[in-house]
Amino acid sequence: MDYQTILEEIQYEVQPLFKKGKLPNYIPALEKANGNDFAMSLITLDGEEFHVGYTQQKFSIQSISKVFTFTLALLAYGKELYNRVGHEPSGNPFNSLVQLEYERGIPRNPFINAGAIVTTDCLVSKYQENSFTQIFEFIKNVSNTSNLEFDEEIFNSELAHGFRNMALINMMKSFNNIENQIDLVIKTYFKQCSIMMNTRQLANSVLYLANHGVNPLNNETIVTPPQAKRINSLMLTCGHYDASGDFAFKVGLPGKSGVGGGIVAVVPKKMALCVYSPKLNKQGNSLVGTKALELFTTKTGLSIF
Amino acid sequence: MDYQTILEEIQYEVQPLFKKGKLPNYIPALEKANGNDFAMSLITLDGEEFHVGYTQQKFSIQSISKVFTFTLALLAYGKELYNRVGHEPSGNPFNSLVQLEYERGIPRNPFINAGAIVTTDCLVSKYQENSFTQIFEFIKNVSNTSNLEFDEEIFNSELAHGFRNMALINMMKSFNNIENQIDLVIKTYFKQCSIMMNTRQLANSVLYLANHGVNPLNNETIVTPPQAKRINSLMLTCGHYDASGDFAFKVGLPGKSGVGGGIVAVVPKKMALCVYSPKLNKQGNSLVGTKALELFTTKTGLSIF
Amino acid sequence: MDYQTILEEIQYEVQPLFKKGKLPNYIPALEKANGNDFAMSLITLDGEEFHVGYTQQKFSIQSISKVFTFTLALLAYGKELYNRVGHEPSGNPFNSLVQLEYERGIPRNPFINAGAIVTTDCLVSKYQENSFTQIFEFIKNVSNTSNLEFDEEIFNSELAHGFRNMALINMMKSFNNIENQIDLVIKTYFKQCSIMMNTRQLANSVLYLANHGVNPLNNETIVTPPQAKRINSLMLTCGHYDASGDFAFKVGLPGKSGVGGGIVAVVPKKMALCVYSPKLNKQGNSLVGTKALELFTTKTGLSIF
Amino acid sequence: MDYQTILEEIQYEVQPLFKKGKLPNYIPALEKANGNDFAMSLITLDGEEFHVGYTQQKFSIQSISKVFTFTLALLAYGKELYNRVGHEPSGNPFNSLVQLEYERGIPRNPFINAGAIVTTDCLVSKYQENSFTQIFEFIKNVSNTSNLEFDEEIFNSELAHGFRNMALINMMKSFNNIENQIDLVIKTYFKQCSIMMNTRQLANSVLYLANHGVNPLNNETIVTPPQAKRINSLMLTCGHYDASGDFAFKVGLPGKSGVGGGIVAVVPKKMALCVYSPKLNKQGNSLVGTKALELFTTKTGLSIF
């Protein structure tokens, strides 16, 4: 069966689930999304593309940005990065301060909020005021998109309601694991979360992770093969907060979700996928998106396991 | 390069590491192992075998038994099993009571001690006094071995020093997540940990997980393909206690370690591996064994990522 | 106003509260108590006695026994005792394993279960099989009672349902903070909890704490004045589990409660009190008993604050 | 023996301890204090005063201010205050975020930092920009001092290094337990900590707590007798962070310490005390000050127990 048919089957089969899940209410700007939106994109290493749903719809990439920030920090610092952020699953909800205090300000991994704030701080140490521009240009490059925007309203909304993240960054600063001004780091962090992309752009943007670190469309080397392997393993073990085990269990692909409703996933050596549906399950991941990817690996047998 | 050569290279390259690591001291019987022992076995789905080191050396399988107990409990209870044990990484050392109390007696996954005690209790509910025999016969079957033993001295040693596990089972009983007599469950649990096997037998015993649930050597179906996929994903996200993320990161294969010094690993659709070296790293996994598997995926590119 | 009148007023005023609270259901033998029972005894240092209610009613002293075990352990070990048990409030429910694990097997204070198990173990190290007899004789002596009993049914019931306490003692044993056989220690612990006394006997039994360590009725020295002061301070800061602050706040007297429904309290230099009512508040202390003591200090101004 | 002689004896006996303890290093301005400074003041309800040491030396009152903020918040909100802050010992270090997260943003008591920030927020809800002035005027009044100052350098230093407190207030805000702008609340909080007083002024300032809520020197009613009793009980159970039990144990008086090196204590119905010595023990309380108060109750028998 061809991929287009499979995507269409998935789109059909997830219909009954749209009434489930909830739009996130802690960021008012996200609550306005249309709960029934759905889009899914698949791009192979050969550049073949398959899409269903309204793939023009842009949404804020939120925590998917953590993949790019981590990639950049890994490029800048190599293994030294692991002195400041771990690579173990957290076993706790994504915004937990408990574990962070217990472990003296060293976040468990770069895909929980605390960890992504630390990798952002690493970038700010290097790029200062230009940090967001660096991240932004990197994302444009890997997504093969010349024209991206970030949403001011979402950015301001996150900034105004980001008390948890402010608690995290202040605590890490008290443990000397934040090197720069809190204000600059947190704004850089929230800005990258507010970048607006569609499923086609996002699927493109993680193709390098499906191809040993090389963008297959233009042969540009982004990271080394071992680095690509490690980013993928981190996505598998830590990419979905407190539901990472469940995602590995049911979908069986390295992936990363965002509260904006997007999920990217990678089939190593084969393809990249992105699905969008804004209502979330109780762990904060797209409910329909997770199911769509589960159906995909069930139908295709493309799970890594 | 052929597998035999690769295994020999690995054997050579890990030599400098034998002085590192520690024999476990909380179970006196384990402390007597020879710290320099090393063996590694690779068996492909075609039945081709490659070995290095003293592969006749038997060692107690310890937590590797958790894979078999979980397989049996999954066969007996299906998805209902997940009411009593989760499938998320624990993010805490392998014997932590903290998380168990916080989560009211439901262990995070079947590969931490608490979780394996619960799956054992599930089997005791079904097989009563015959539970150990069932587990033992199952392991004989999947390892294609007619003649296995468990070590009375190790069993008694674990029983006499198993205060942590007694604390775990009593706490779960207080939360009504243990159905049977503590004494019977804990003895069944410790007995399966004390089963003695060598790397060849253990590599054989997980071939069904590399082959969609079917033992490739005799075509016997052990579990369904989705069940095999889920056991593999659990080994990847939870198979090495508090170092599961690190193992996924460096090795990139589903695997399960035991404090007896063994580690099994699976390359889906290709092969099963087992490595033995009794000195442990600080997370309680074979130090040389972990490194050997890391070298294996680096040399072969067979990581799932 | 004389004490008899005050006690009678209290008895009248607490009537509406008998419908509140709950009999403990985790020890079946305790659940059979009559929820409307009430008795209160006050004995001054001069030996004057005042009583209301059915003061002949015996009930299991449960955690009130912790005061006597701690007294005996302090006599036997002096300050060395504090190497094995602390003297800080726990800030957690009475049976929490979390804090105990975090603090590596050293209980916060002798009035939480873990702490009382450790003080019992201290006594077993000294008195072995005779430990319970020693405790029993001590309580007979301080309560001026020649004829006390412990309740076999309650003892057996606690033993059969004491999984939490078994978890605690096993965990402490794993941290090497239990020196003796678990079976002997836990039986000694449960036996002392099952001693049956009435309010008059219990009020007598803590008179030494109101009188600088000397039993005022026979001038026998039980502990030194600094020891009496310290036992009292511990009862104030830790005597009522997670409601210790609330008891200090509302009653303002050193006191110790038991899930059997009794509470003893001490007015330093003046008197000892005991109240009994078996229904408990949600922190596991006698609901009517706590209120009765609050009314007592409000009416008399005898709070230590 | 008269009080003056006792204070002089204490001053002599604590001399060997000045080499112990440490000046706090997390607030640079506090690190400059002279480690050998010592002063102690005792004021009876009759207004008799006794002093030793350099009682003119002013120091920042730090957490002693929590007593006054709590008094004011209690006056403003009565029992409703307890919806936002508890009255149980915390059983954890004074700045722990763990317990706060576990208990969903409700601090355990008003004498840990989180609790004092909440009581400050309560006052800001009522007095807005004038909150600090209200607190300042209240302290001037209860200490019978017309002329007090706060130290700008200490205030700025705390503001610049207060990442832990910023983490606490942001976390509580995320749980909706902070009603006002973080900036205004935290500045009000740090300002009150920076108020400079000497031991004579501070002893005066808590006389109302020794006298059922009435300032004995001018007969002004500050709080009701039950309120005074409750503030005292809170100081006893929660006044010294993680060493509250130890202070109750050894000193046996309601008291409150500050990292500036001061400790106030109250002998109900008799007197108020203040001692100053800037080096701290590992729980963050004045090491020599704690010892001086312990010597005081040992010599006088004035412990409440």
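Labels A, B, C and D are assigned to the chains in the order they are written; within every chain, residues are numbered from 1.
One rule holds for everything that comes next: a contact is a pair of C-beta atoms (placed from the backbone, for glycine too) under 8 Å apart; a residue touches a chain by one contact, two chains touch by 3 or more.
Note that the structure is predicted; figures quoted are calculated from it, not measured.
> If contact pairs are compared by residue number, which of A-B, B-C or C-D agrees with A-D in over half of them?
B-C
> How many Å are there between the centre of chain A and the centre of chain B, using C-alpha atoms for each centre?
Each chain reduced to its C-alpha mean, chain A and chain B end up 32 Å apart.
> In whole angstrom, what separates the CA-based centres of chain B and chain D?
55
> Can you list every residue of chain A that touches 2 or more other chains, as numbers and ranges?
Within chain A, no residue contacts more than one other chain.
> Building nodes from the protein chains and edges from chain pairs that touch, which of line, ring, star, complete or other describes the result?
ring
> Contact residues on chain C for chain D in the complex?
Checking each residue of chain C against chain D gives 86-92, 99, 108-109, 226, 228-230, 232-234, 236-238, 242-246, 248-249, 252, 254, 268, 298, 303-305.
> Per the contact definition, I'd like the list of chain D residues that touch chain A in the complex.
Result: residues 96-98, 101-102, 163-164, 166-168, 170-171, 173-174 of chain D touch chain A.
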